[in-house]
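What follows is one structure encoded as structure tokens, with my remarks underneath.
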Amino acid sequence: MIQRTENIIIRTICRILIPAIQLFGLYVIAHGHGSPGGGFQGGCILAASFILMVIALGLEETKRRFTEKLNNIFSSLGVFVYAWTGWMCLLLGANFLDYSVLSAILPADPIKARYLGMFSIEVGVGITVMAVMVSLFIDLVTGGKHGEGL
Amino acid sequence: MEFIISKYNYWMYIVLMMIGFYAMIAKKNLVKKLLGLNIFQWAIILFYVSIGVKKGGATIPIIAGGHGEMVHAVSAAQYLNPLPHVLMLTAIVVGVSTTGVALALIILIYRRFGTVEEDEILEALK
Amino acid sequence: MMTEHLPAIIIVFPLIMAFLINVAGWWSKKPCFYMALLAVTVSFLASLGILNTVLQSGTISYRFGGWEPPWGIEYLIDHLNAFMLVIVSGITLVTVLYSKKSIEQELPQKVPQFYTLFTLLMMGLLGITITGDAFNLYVLLEIASITGYALIGLGDEKAPLASFNYLIIGTIGACFYLLGVGYLYIMTGTLNMADLAQRLPALYSSNAIMAAFAFFMVGIAIKMAFFPLHVWLPDAYSHAPSTVSAYVASTMTKVGAYVMIRIMFTVFEPSFSIQLHPVTAIFGWVAAAAMMYGCILAVAQNDLKRMLCYIIIAEVGYIVLGVSVANRMGFTGAVLHILNDAFMMACLFMVVGAVYYKTGAKTIVDYRGMFRKMPFTSASFAIGALSVIGVPPTCGFFSKWYLVLGAIDARQWFFAAALLLSSLLSAVVFFRILQHMFFVPVESAHKHGNDEAAGLKRDEAPASMLIPIFITVAGILLLGAFSGRIISTVIQFTVPEGF
Amino acid sequence: MKFLALITSLLTGALLMYATIDFPVWGDPDSPASLHVSPRYIEKVMEETSVPNMVTAVLADYRGYDTMFETAVIFSAGIAVVMLIRRPRQ
Amino acid sequence: MDMEIIHSSRPAIAILVSLIAAFLILLTGERARNLREFWTILASVVKFSVVLSMVPFILEGKVIEYNILSISPGLSVQLKVDALGIIFGLTASFLWIITSFYSIGYVRSLKEHAQTRYFVCFAVALSATIGVAFSANMFTTFLFYEIITVCTFPLVAHKETPEAIRGARKYLTYLLGTSIAFQLLAVFMTYHVAGTLDFRYEGLLNGTRGSATDMILIIIFILYMAGITKAAMMPLHGWLPAAMVAPTPVSALLHAVAVVKTGVFVVVKVVLHIFGINLLTQLGLGTALAYFASFTIIVASVIALTQDNLKRRLAYSTISQLSYVILGVALLTPSGITGSIMHITLHAFGKITLFFTAGAIYVATHKTNVSELDGIGRQMPFTMLAFTLGALSMIGIPPLGGFISKWYLSLGAIEAKQLPILIVLAASTILNACYFMPIVYAAFFREPAPDPHHHGNPGKKIHEAPALMVVPLVLTATAALVLFFWPTFFLEIAGIALQNVTGGH
Amino acid sequence: MIWQLDIILLLLVVICAAAAITVKNLFSATVLFGAFSFLMCMLWTEMGAVDVAFTEAAVGAGVSTAFFIAAIYQTSRRSKD
């Protein structure tokens, strides 16, 4: 399940499919404001692309591209982005998560600033969800032998 | 009769919830318990989503033509109630997280006892 | 300028620190402890600030995102919240100080993750106590629970199973709570507690509201390990790592009790839970049973930690009893007991952890002659034990005092008798241990020639463990002395109207 | 045990059904849930946040604080699993 | 009745002195034993001086009050020194000085283990005893009462043999169990009925007869009497003989003075200040209590006759003597009350002498049984002389202090027109004589049994216990003698106490 | 919203749930659970909760099932009940 597969068809399809899935994931995150979707769904789709990578290309190769450390940092980073957005609002003098004051540092009026603030947190959610889902999957599928490289 | 039909969604969610609840208590297999737990949570999500439904022409909670610059007046009856949906997004995430942690615990238990059947584990503990 | 934002800081600062701890852990394990300590200290100071503000200017309202209450999430902090915040963050501070050595020994490989989760757990508990939104409370409850499951699962051999069972039962509890919220929502259309309290009275006769209340109570009873829904607690807490059991034992059930009080008397009016549906009367009897059950089973235990777990079940019974007699005295006693019990349990579990750290002792027999070996630790245990029994002048006596007076005021003689009887039973429980700790039968000591040969050489726990223990001991002694002041400054304002 | 579980779940179900009797009719546009808090989200979402997807708007702005904890839940689950079963690198 | 109230921290200091000493003793530990013992002695002397310094105010009819902390309205930890308290305080703190010397001699010559723990607990126990003596309300009393129980537990279990631990467990079960189950409940009910717990001279519950039914008041009274197990009234006396496994100085001070006297002192307080003479007379509870006490007096004396172990015999004697105090106060007559107040002090001096001698005999010869004491008077003349004085005082024979209290008690019985009580007093005097005089006789006039280990006649040689032990017991015996001739000081204070409760007539 | 479709989906959901907890093979149970999730997802789309349905599709039917299969792969696939 997690060994590298040598089947050329699968490998090629994955090579084509994975970037497409990732692109779609990014689209879902970015376009969550106007259509169904958002950080969580997009993050899951991104994670799915990595899960596919693990299944098709093997854990070793995946880990070379998306290392354990990077994964861990990403999972923190996402929530950090979220909390920091809120914190910025606080520093700018409004209540926590009151994005309208972000207009002071963003080129937008208060209403539009809310839009951008939401975008920033959606990105945060997406990053965390992606990283955590990947790490959860790898941990569960290898029974925690993540670090030993199987 | 009227009253049974008019709320059939709620009855179904209750049945679903009972199935999940039963599995959580009665099943000896830990994975089965966890499946029961998921069904239980999903039943509650179904219940919440059912709250948000509005009959009589309400559509999905995305404002039509919202990308345009002009903002036209919107009446509440036109769109579904978005709040339960929001709550349930959170609940789904919580459900998945719980599942993840539970599966990790199951793997740990399997590592220690070589089984995921509760009665066999209790046997092994003696 | 920052004081008005304290309600946000108290939650968000530890959250941000949790991520930083996790990231920092990739480079070095050393700063993790200090970062966690910083996070907790800031929260503690913030909670003091909040309490101060509440005492001076009454209820605080903080609106997240700047949205007015029923639409956005609001923190509505009254005396009870502020009081609980100080308890929870104070106990956390003590526990973090204590955790350093014990974690280094028990979980050397997992220090960063441990502190990340620990900080998140504290954040969850603080969030539960501070929030004014019913659904927000659910999310925070789940944070606290998930981190709790993970931390408990880290313990000894049997911990994963115990933690799994806790997870299943705890999720049932949380889901019941969620169902309750859903039922309130479908009937009222709002999630804000204050708004709910306004809109609910018109609906009190509705079946749905009754069912919602029932689900709330069952869900919370599971979370606070209220007899007979306590079955997960002894396993989960006794197999957890020492720091974790010290922490969860002293805070989690108390936070559960807080949520119960909130739901009973803020979301619903006292008249609902006392007269309309006399749940308090039922709760009173069950609580009396809980006290008896907890103490009796504690007598039967050999493992010290497990024994303390049953004592917790009894203590939860005390708190619920105080609430359920539904008068000023009883309620005061219950709230005071939340405070006192947090300190007592922290003290006892920390001592057990410290002894385990030094000697690996677990059962009561292992504690034989512990006084010779670890005099200060043992003395602290003795004080904690006396407080649980309710011997003056320790703080446990004072809360029991109010509880019994409450029972008498309510003309519930049986409850008063039950309180005293369970005190007696806990005296049996604890003096059995104290006897082992303080007296080595002369023959066994002499058989081995001298104390040193019998393994009784003095070998005290490290200072980083002793100091937190001493803090809790000082708490136990001082809270007793100042209970009058605590009641007159804070607790009397928490009593619901109509009591 | 199984029998007990059956009884318990049936009782819970019965309680829920009993409660359902007082519910507003399913899909009723005039139910309290549709009338009290949510109309504002629907009617003002564009002018207040300029986001057409109400779910996103409520999720990320009106109740953004919830979502932050939702993310924290995911995060803590990730850390929890790492801590529970990942074996440290040698 | 107006009384001048002085606010002073002296009572608090008197309590704190030995607490601080306990702390210093703990710090000093085994490393510097002389320094450690010095703290004990210093504290005992200072404590006595502080207590003594309050006497003049009391004699002027004033009352000293000190509020430590208020817990809630009607509930506070408060100290109040009045005539009744000062008698008990004086007795306890004076005897602590003597016992300290005696203890040092005892533990050193027996090379006891855990001496630091011993002295620490001792100091704390004394602190709490003074606390009981000076407490202004039932709450404070209960607080210190419990502290005494807890901190004497290690003292009783001191030897750590299975027997000692069993005895200590019994001790604790009785004392803690009854005080939590009955006394605390009684305190709660008192608070519920009266709304406060302050001791009042006319009786706290006196005015509540209208609001509370007689039944409730009677229940409260019974709960109190069942709860104050330290007074060792039958049938809840079992802990006292069991606690005799403790080292002798512990038995001496704690079971002749601190613990048991605290018990009877609290009984006196409850009778006089919680219920009050009027209320008890109206309820008819005084007589009931008097008969109950009489029963204990006779039965305990009879049991004492059958005991061979000297300390156990003394223990049963204590049980019977404690009931004298209760009897006296239960008579609810002026002379009875005076007698019972006097008996607290006078019995203390007598009984402590007896325990001291028991300890001295044990240290010098390792004998514990009455049957082994033949001819010991020749070997330990001072000790046995002191024993004789103590015994005479117990019996109540004129040139000794015990006579005075018995005299007043008898007067009280006559005042109360209770002829049966008078008979009880007479009978118990005879019984006392029956169980004490044979010891004296055997000690001085019997030939010692031939000792298999020593040939020759070791009994002839004077072989006393260390001076550190003999001097204290001689002192207390002398005191018992002196108190007969100059009881005026105590009588005067007892008079003030009596005046307080009877309202001056 | 079409109520006939609604009822059919609800019935299918209940059947899948019941089947998932009844079958003895855990892999089958997980796959049935995946089907359950997918039907739920359809149900929600049909009720107009598109965001929830999207999430459900990504999580319930996708990631969550993958987690279950991963864990069963690590442990055992048989179940006694």
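Labels A, B, C, D, E and F are assigned to the chains in the order they are written; within every chain, residues are numbered from 1.
By definition in this document, contacts are C-beta pairs under 8 Å (C-beta built on N, C-alpha and C of every residue); 3 or more make two chains touch, one makes a residue touch a chain.
What you see is a predicted model, and the numbers here were worked out from it, not measured in a lab.
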Steps needed, at fewest, to go from chain B to chain F via touching chains | 1
Central subunit by CA centre of mass proxy | C
Could you pull out the chain whose C-alpha mean position is farthest off from that of chain A?
-> E
Which chain's C-alpha centroid is most distant from that of chain B?
-> E
Which of A-C and C-D has more C-beta contact pairs = C-D
For chain C and chain E, what's the span in angstrom between their mean Cα positions?
-> 43
Rounded to the nearest whole Å, what is the centre-to-centre distance of chain B and chain C, using the mean of the C-alpha atoms as each centre?
-> 29
Calculate how many whole Å lie between the centre of chain A and the centre of chain B, each centre taken as the average of the chain's C-alpha atoms.
-> 23
When you check chain F against every other chain, which residues touch at least two of them?
-> 1, 50-51, 55, 59, 63, 67, 70-71, 74
Which chain C residues reach two or more other chains?
-> 15, 19, 22, 64-65, 135, 139, 142, 146, 149-150, 153, 160, 179, 185-186, 191
Multi-chain contact residues (two or more partners), chain B | 8-9, 15, 19, 21-22, 26, 34, 50-53, 55, 58, 60-62, 66-67, 83-85, 87, 89-90, 93-94, 96-98, 100-101, 103-108
Complex contacts: residues of chain D adjacent to chain B = 1-2, 4-6, 8-10, 12-13, 16-17, 20-21, 23, 25-29, 31, 33-35, 37-39, 41-43, 45-47, 51-55, 57-59, 63, 66-67, 69-70, 73-74, 76-78, 80-81, 84-85
Listed in rising order, chain A residues that touch chain F in their complex are 1, 28, 36-38, 40-41, 44-45, 47-48, 51, 133, 136-137, 140-143
Name, in rising order, each residue of chain A that touches chain B in their complex.
-> 34-36, 40, 136, 139-140, 143-144
Sort out for me which residues of chain B touch chain A in the complex.
-> 60, 62, 66-67, 89, 93, 100, 103-104, 107, 111
If you look only at chain D, which of its residues touch chain A in the complex?
-> 47-53, 55-57, 59-61, 64-65, 67-68, 70-72, 74-75, 77-79, 81-82, 84-90
